[in-house]
Amino acid sequence: MTLTILLVGAALLLALGPLAVALRRSSAASRLVYGTSMMIAAVSLAAALAYLIAAGAPESIALPVGVPWLGAHLRIDALSAFFLVVVDLGAMSASLFALGYGQHETAPERVLPFYPAFLAGMTLVVLADDAFTYLVSWEFMSLTSWALVMSHHRVPDNVRAGYVYLVMASFGTLTLLLAFGLLAGPDGHYTFAQIRAAHPSAALGALVLILALVGAGSKAGLVPLHVWLPLAHPAAPSHVSGLMSGVMTKVAVYGFVRIAFDLAGPPAWWWSIVVLAFAGVTTVMGVLYALMQHDLKRLLAYHTVENIGIIFIGLGLALAFKTHGMIFAAALALTAALLHVFNHSLFKSLLFFGAGAVLTATGERDMEHLGGLSHRMPQTAFVFLIGCVAISALPPLNGFVSEWLTFQAILLSPQLPVWSLKLLVPAVGALLALAAALAAACFVKAYGVTFLGRPRTDAAAGAKETDSFSLAAMYFLAALCLLAGILPGLFIDALAPVSSALIGGHMPVQSDTPWLSIVPIAASRSSYDGLLVFLFMIISGTLAASAIHRLASNRLRRAPAWDCGYPDASPATQYTAMSFAQPIRRVFGTVVFRAREHGDMPPPGSARPARLTVELHDLVWETLYAPLVAGIGFAADHLNRLQFLTIRQFLSLVFSALVILLLVLTIWP
Amino acid sequence: MTFDGGTFSPLAGVLAVPAVAAALSAVLPDYRATARLNVLATALTLICAVALLFAKPQPGSYLLVDDLNGTFIALTAFVAFTTSIFSASYIGHELDIGRLTPSSVRFYHAMYQVLMFAMNLALIANNIGLMWVAIELATLTTVMMVGIYRTHEALEAAWKYFILGSVGIALALFGTILIYMAARPVVGEGLQAMVWSVLVTRAGAFDPALLDAAFVFLLLGYGTKVGLAPLHAWLPDAHAEGPTPISAVLSGLLLNVALYALLRFKMLLAANAAALAPGPLMMTLGLLSLVFASFMLYRRRDIKRMFAYSSIEHMGIITFAFGIGGPIANFAGLLHMTMHSLTKSAIFFAVGHVAQVKGTQRIADMGGLTETHPVLGWGLILGVVAIAGLPPLGIFMSEFLVVSSTFAREPLLAVVLVFGILVGVAGLFLRLNSIAFGEPRGPTAKVQASYVPMFSHLALVLVAGVYMPPALVVWFQNVAGLLG
Amino acid sequence: MALTLDLAVQGAQMLLVLLLAPLFTGFVRKVKARLLRRQGPPLIQPYRDLARLMRKDVVLAESASWLFRVIPYLIFAATWVAASLVPTFRTGLLFSWSADLIAIIALLGSGRFFLALAGLDVGTSFGGIGSSREVMIASLAEPAMIMIVFTLALIAGSTQLSTMAEFMASPAVGLRVSLGLALVALIMVAIAENARIPIDNPATHLELTMVHEAMVLEYSGRHLALIELSASLKLMLYVSVISCLFAPWGLAPVGAAVPALAVGVAAYILKLAVAGFLLAVFETSIAKMRVFRVPEFLGAALMLGLLATLLRFVSGSF
Amino acid sequence: MSGLDFDIAHLLAGSLVLVSLLELYQDRLYSLLNIYALHALVLAASVAWQAFIQDAPHLYVTATLALVFKAIVIPVTLHRIIVRLGIHREIEKVVGVGITMLAGIGLVALAMVVMLRVTQEADPLAREDLAFALAVVLLGLLMMVTRRNAVSQVVGFMSLENGLVLAATGAKGMPLVVEISVAFSVLIAFIVIGIFLFRIRERFDTVDVQALDRFRGERR
C-alpha cells in the first residue's frame, strides 16, 4: 500500500518533467510544478511516516522493466522509510520555498523540467531493491541534479562545477557498480534478496566495503572525495542547493548504510577503523574549509562535508559495536547517526533557503559585500539564526541532541576489545569536539558578517524582506528544528525499527521516561531533557527581563556607537569574514592550508593603500587531483601524436601488430 | 549470383532492392529525385528485412539467415532508412550551398545503395568468401563517398582509408584462405569448405594451428574495418571528412558489419576445443582501443572526429564484451552494438545539423547551443548522455552488465575497463560543455531539416534502457547462447 | 514532602549561586588588591555596580539590531540555568538529570555564541576583534573541556554531575594519573573560559589586549549589568564544578536532612573562599600572555585532556 | 601426387620468396619495376603449375591474368607514370638495405615457424605453399612500410597480393579463386591508374605519399 503510494508519487513526478518542458514558456509553469511536487511530497511523506511509526512489515514489488530477465525490484522497509521521510520532508519544504523563490528564477525552463525528476530519482534510489534499479536511480539522480547545476550555465564557474560534479558522480557510480558486481557474482544475482542470501566471503566483503565507502562517500562528500561538492551545491538554484546538501548527500549515506549494514554480510573488525578514520578527517577538514570561505553558499556546502563526517563517525561506531556484539551500543551509535541525518537535512535546507533569500534580496553570495541584513530582513534573519544555532550543536536545538548521542556512544567504546579502536576512538572524539567548537565559530562568522553589523554595500543596504512562501518554508523548518531539539525522544523512538532491523536491537523506549527526557543507557549514567532546558531558559530569561523592567529602568537611548571613542567609522572598518577567521587561520590554517599572509604597508607619506593578501592552498586538490588531471593531460598530449602519423607509419603499426600476433602464435602453448 | 529457391523472397529483396535502386539513381535524369528514390529504396529494404525476421529461409550454400544476422539486418535496414531521411535534407542543404554538384549527388545516392547492398550481402552471406567480397565492396564504396567533397582533406582521408583498407582486405583474405585450408581435409574440397553453417558444425575436427593463424589474420583484417586500435587510423578522418550521413552509416553500421564477421569466425574457433581461445586477443584489442580512444577525446577540435573516436571507444567495449564471453557479457555486447548504432547515428544527425547551422565543424566556434538552438542542443546532450553510458538510456544497461559480470571474473580487467570508460566520459563532457553551454557563439539561424530521425533513435534508446520487449530479449539470449 | 524539600533545595541552589556570584568576584578582586598592597574595593562593590547599572538608561548604538537587546537575557538565562544544575552543596538536585555535564558545557557554549554575535552586531572594529579572538579561544577550550569530561565520565562511568560527584566522594576512586591530568587541564580551561589572566584581563580596557571586554564594549545599563552578572555566574560555575568533582567533601547526599545541608553550604562557601584565594594568587603572580600564545596554552590543555582520555581508554587502571 | 610435381611447385614458390627479397634489395624504381615483373612472372608460372597438377583449368585464367596484367601492363604503366610525373628515380628508404634484408629474412623465418606448427595431417605441399605465401605477404608489407615513394609502396602491395594469389591457388579446390584474383587486379588497377591518383595528380604534382600526409586532419 505504502509502496504503491510512493511509486505513484514518483511516477507523477517523472511525468511532471515533460509537462514542464511542454509549458516552460508560460508563467504558471513554476507554480504548477512546485505546487504539484509539494503535494506529492507531502502525501509520500505522510505515507512513509505512517509506515515508519507503525513499524510496518517490508513490502516489495517487481516491475517488468529494467534488466529484462530481472525486472525492477522495489521494496520499502524501516530504513528506506526513514530516508524517505528525510527525502520527502526536504522535497516538500524545498518546493514550498521554491513557490516563492522560483518566481525570481532567470531561466525557469532550465530548472523546472529537471526538478521533479530529481525528486523522483532520490525517491527511487531509496526504494530500489536490486543493483540495476539502484544504480539507474542513483545515476539518474546525479544526472538531473547535474542539469540543475548547469541551469545558470553562462557563469564559467558553474560550467566547471557541473563538469567536476558529473565526472565525480560517474566515478562514484562506477565504483558502486564494481561493488555490486562483486556482490552479484559472475552469474548476475542482482536482486538484494539474492545478495543477502549469498553471504559473501570476508575478503570479498572487505573489498565491497571499501568500494561502497568510496562510491557512496564520493557522493556524500567524504574528504578527499568532496571536491565537487562545494563547487556544485552553490552553483545550483538555492532550493536545489538545499536539496543537494540536505537530502541528496543523505541518500548517499543511505547507500552506504544499505550496503555496509545490510548487504555486505557480517562486518570485519577493521571496517569501523577505515570508516572512522575517513569520518574524523572529514569532520575537521570540512569545518576548516568552511571557515576559510567568504561565499555564503560555499561555506554552507563545506559544512555539509563536516556534518557528513559526523554522521559517518556514528556509523563507524555502530559498525564497531556491531562487530563485537554490543547491540545496544551499536543501536545508540546508529540512532545518533540517523538522527543527525534527519537533523542536518532540516537545518541545512533551512540555511540554504536563507542564503537563497539573501541572494534574491541582494544578488550577493559574497559575505564581504553583505552585512546589516537583520535590519532589512528581520524574519529571514531570525530563522537563519535558528538554523545557525542548530547546526552549531547548541542546546536546546536539535543539532545538539544528535552530537550529544554521538558523544555518549563514544563514551561506551572503551569496552571495545580492539586496541587500534581504543586509540582511534578518543582521537575521533577529540576531532568531533574540535569540529563542534569550530562550527560554532564559523556560524558566528557567517551570521555576524551577513546579518549583523552595518551594510557593506548598497546592495545590502537596499535589501528587502523575502516573500511569504519562502518565509513559510523557513519557519516550518525552524519549527521542526526546535521540535526535534526539545522532544528528541519521539524521534529516537521512531528510529527504533530501523536499528532493530539493521543491528538486531534498539535504544530503550524514550517516550515514557518522565519529563520526556532522553536516557540512552541509564538515568544514573547520562540523560538530557531538551524540553526542561528550553523551559528553564525561557522562564529565567523572562523572569530576569520582567524583574529588571519592573524594578529597575527600562528606558533606552539611541546614540552613535561608542567604539572606544573613535569617531563614527565607515562600514569598511568592520570585521570582514576573512579578518574574523584570521586568528583561527593562524592557528590551524598554516598547517592545513599552508596559509600565508603577505602584508604590503606603504611607507609613511605615501597615499597608496596598505593591503593584506592571504594565500591559501587546497592541499587535497593540489596533492590528489591536480596530478591526476596533469597526468591525463600528459597522456592525452602524447597519445594525440598518433593522430598525426603518415600513412606509412600507420601501416607500420598494422604491420607490427601482425608480427607481434604471429610471434604470440609461435610461443602459444 | 543465384539465390537458393529462386522465386522472389524477402531474402532476395534485401539484396535486389538496393541493387536496382543503385542502378536507377545512376541513370535517373532528375538528380533531386534520387534522394526520394533513396528513401523509398531503404524503406522497401526495411520492409523486406522485417519480413525476413518472420520468414527465415533455409540456409543455402551462399546465403544464411539466423538469429544472429537477422537482428543485424533489421538494425541495418532501420538505421539506413532513418539516415536516408536525414541525408535527403542534409544533401539538399549541401547542394544549396554548392558543396556538392548534381552529378556527385547522383553518384552519392548510387553509392549509398551499393553500400546497403554490400552490407546486407555481408550480413546474410553464408559463404566466408562471399562475406569477404561483400565487406570489401562496402569498404570501397565508403572510400568513394568519403572522397566525395573532392577537397584536399577529403581526398587525403579517402586515400588513407583506401590504402589501409586494402591492406586489411589482403589480410582478411589470407585468413579466409587459411580457414579454407583448415576445413578442406575435414569437409572436403570445393564450395562446402567455405560454407559457414557447414564449417561451424565440423570445426571441432579442424587443424587448430591453422585456425589460430587464420584468426590472427581475420582479426587484423576485419579489425581494421572495426576500427580497433592500432588499426583505427582511417576511421577518424573518414568520419570527419565524409558527408555526415556517411559518418552516421560508417559508425552505426559498417563497423557493426565488420564486427559481425569477426563474431562468425570467433564462433568457429569457439567450436574447436584445441584452438586458442579468441577471447584474450579480443579483450586485449578491445581494452586497448577503449583506453586509447578515451584519451584521444581530449585534444579534439573537430566535433565529427571526436565522435569518431568515441565510436572506436565503444567498438573497444563491444569487442571486450564478446571477448570475455558468457551469456551476460554476450548479451551486453549485442545490446551495446544495437544501442551504439542507434545512438551514434543519432549523434551524427545532431552533429550534421550543428555543423550546417554553425557552418563549421570546429568545436571552438560553437557554444551555448542550448541557448541558440534549444531543441538541437538538448538533443545533442541527450545523445552524449546516452553514449557516455548514463542512465536511463540503453547503453547504461549494457555497460552495467559488462562491468558487473566482468568484475566477478576478471577484476583487474574490469578496473581497466572502468578506468577507460571514466576517462571517456570525462573527455566527452569536457567538449560537450563548451559546445552546449556557456556564452552562445556562431550563427543562430534556424534548422530547416527535421529532427524526426534523431529523436526517433533517441526515443528507441531511451525505451530500450527502461523496458526491452521480451521477444527481443529472447532473441538476444539465443544469440548470446550461440556466441558461447 | 520529599518533593517539596527537593524543590526547596533546587530553588535554594539557584538563588545561592545567583547571590554568591558577585560576592565571589568581589572577593577575588579584594584579595588581589590586598596582594598588591592596595586597599581594594569593598566586598559588596560588585552588587553596587550591578544595582547602579540596572538603574541607568541603556545607551544603544544606532546600528544595533533587535538581537543586540535580546542577547543579554539569553546569555544570562543560559548561564544561570547551567549554574543552577551544578551541585554546590548537595548532590542529586531535582533537575540535575535534565542536563549532564556535556549539556552544561554546551549551554555555556550557547552563551558564548550569542556574546560573540553581540560583538559583531554594532559593526565596530573592536567588537570584531573581541568576537574573533573569543571564538578562536573557544575553539580550543571547548574540545579540551570535552576531553576532560570524557576522562571524568570514564572514571565515574557517567556524565551526570551528581553521579560523578558521588563517585568522586566515594572511596572507590583513588589517586589516578588521568585525574591529575584532567584537573590541570580543567583549571587551564576554566582560566581561559572566564577571561582571567593570563588569557585575558577582566580589569583592562587596553584595546589591543582585550577579548571579553571588547565584545561587551557597546553594552551599557541593565544589559551590561546582566552580562557582568552572567560572567561572574560563569566563574562561579567553573569553581563549583571543580570543587564538586575534585573536592566533593561535605556535599550533602540525596535526601539529607537540613543540618547536613547546612554543613554542605558551609563547606561550599569554604571551598569558594579557598578557590578565590588561589585564583587571586595565581593571577597576581603571572603576567598576561600575547593573544597568539593563547593557542599554545589551550593546545596544551587539549593535549592533556586527550592524553588522559587515551589513558582511560587504554586501561581502566590509570 | 608425385615427388616431381611437389618439387617444382616448391621450387616456384620458393623462388617467389627469393624474388620478394630481391625487391627489398632494389634502390632504383626502374629496376624495382623489372624485378616486380619477374615476381609476377614467377607467380604466373607457379599458378599455371598448380593448375596443371590440380588439373583445375580455371586457374589458367588467373595465371594468364598474372602474366598479362601484372607482368606486363602494370610495370609498363608505372614506367609511364614515373616518366610523366617526373618522379625521381631514387627509392627513398626509411631504414638501410642491410637492416631491411635482415628483417626480411627474419620474417621468412617467422612465416616458416608459424606455418610449420601446422600438424602433419595437412598435406605437405599445401603447408610449404602457405609458408612461402605468408613469407611473400610479410615481405610485401615490409616493403610498404620501409619505402617512402608511393610507387614502391604500390609495388610492395602488389607483391603482397601475389603472395595471396599464391596461397589461394595453393589451396587445392578453393572456389572463387579466379574471382578473387580478378577482384584484386581491379583493386590494383584502382590504386595504380585509379581515380585517386588522378585527383591527387590534379592537386599535387607528386604522388609521394608524404606530400599527402602533410595534411594530418587536425591542421585547420
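As written, the chains take the letters A, B, C and D, and residue 1 is the first residue of each chain.
Just so we're on the same page, contacts are C-beta pairs under 8 Å (C-beta built on N, C-alpha and C of every residue); 3 or more make two chains touch, one makes a residue touch a chain.
Predicted, not measured: the structure shown is a model, and the values here were computed from it.
Trainee: Supply the minimal count of touching-chain steps required to go from chain B to chain C.
Mentor: 2
Trainee: On a CA-centroid basis, which chain has its centre farthest from chain D's?
Mentor: Between chain D and the rest, the longest centre separation is with C.
Trainee: Quick one: name the chains whose C-beta contact count is the highest of any pair.
Mentor: A-C
Trainee: Report, in whole Å, the distance between the mean C-alpha point of chain B and the mean C-alpha point of chain D.
Mentor: Going by mean C-alpha positions, chain B sits 31 Å from chain D.
Trainee: How many angstrom lie between the CA centroids of chain A and chain C, rounded to a whole number?
Mentor: So the centroids are 35 Å from each other.
Trainee: Let me have the rounded angstrom distance from the C-alpha centre of chain C over to the C-alpha centre of chain D, please.
Mentor: Once rounded, the distance between the two centres reads 99 Å.
Trainee: Would you kindly tell me how far, in whole Å, the mean C-alpha position of chain D lies from that of chain A?
Mentor: 69
Trainee: Among the residues of chain D, which are close enough to touch at least two other chains?
Mentor: 114, 117, 141, 144, 153, 212-213, 217-218
Trainee: Going by the touch rule set out above, which residues of chain B reach two or more other chains?
Mentor: Touching at least two other chains: 159-160, 163, 167, 213, 236.
Trainee: Please list all residues of chain C that touch 2 or more other chains.
Mentor: Answer for chain C, listing residues that touch two or more other chains: there are none.
Trainee: Between which chains is there touch?
Mentor: A-B, A-C, A-D, B-D
Trainee: Okay, in this complex, where on chain A does chain B touch?
Mentor: Residues of chain A touching chain B: 64-69, 109-110, 131-132, 135-137, 139-140, 143, 150, 153-154, 156, 159, 162-163, 166-167, 170-171, 174, 177-178, 180-182, 184-188, 190, 632-633, 635-637, 639-640, 642-643, 645, 647, 650-651, 653-654, 657-658, 661-662, 665, 668.
Trainee: Inside the complex, what are the residues of chain A that reach chain C?
Mentor: Listed in rising order, the residues are 371-372, 374-375, 378, 381, 385, 389, 392-395, 400, 404, 407-408, 410-411, 413-414, 422-423, 425-427, 429-430, 433-434, 436-438, 440-441, 443-445, 447-449, 451-454, 515, 517, 523-529, 532-533, 536-538, 540-541, 544-545, 548, 551-564, 566, 569, 571, 573-575, 579-584, 586-587.
Trainee: Tell me, which parts of chain C touch chain A in their complex?
Mentor: 54-67, 73-74, 76-78, 80-81, 84, 95, 97-100, 102-103, 106-107, 109-110, 112-113, 116-117, 119-129, 131-133, 135-136, 138-143, 146-147, 150, 153-154, 157-160, 163, 205, 207, 217-218, 221-222, 225-226, 291-292, 295, 302, 305-306, 309-310, 312-314, 316
Trainee: Give every residue of chain B touching chain D within the complex, in rising order.
Mentor: 129-130, 133, 136, 140, 147, 150, 152-153, 155-160, 162-163, 166-167, 169-170, 173-174, 177-178, 180-181, 184-185, 189-191, 193-194, 207-210, 213, 236-237, 240-241, 301-302, 305, 362
Trainee: For the complex, give me every residue of chain D touching chain A.
Mentor: Touching chain A from chain D are residues 94, 107, 110, 113-114, 117, 138, 141-142, 144-145, 147-148, 153, 209-210, 212-213, 216-218.
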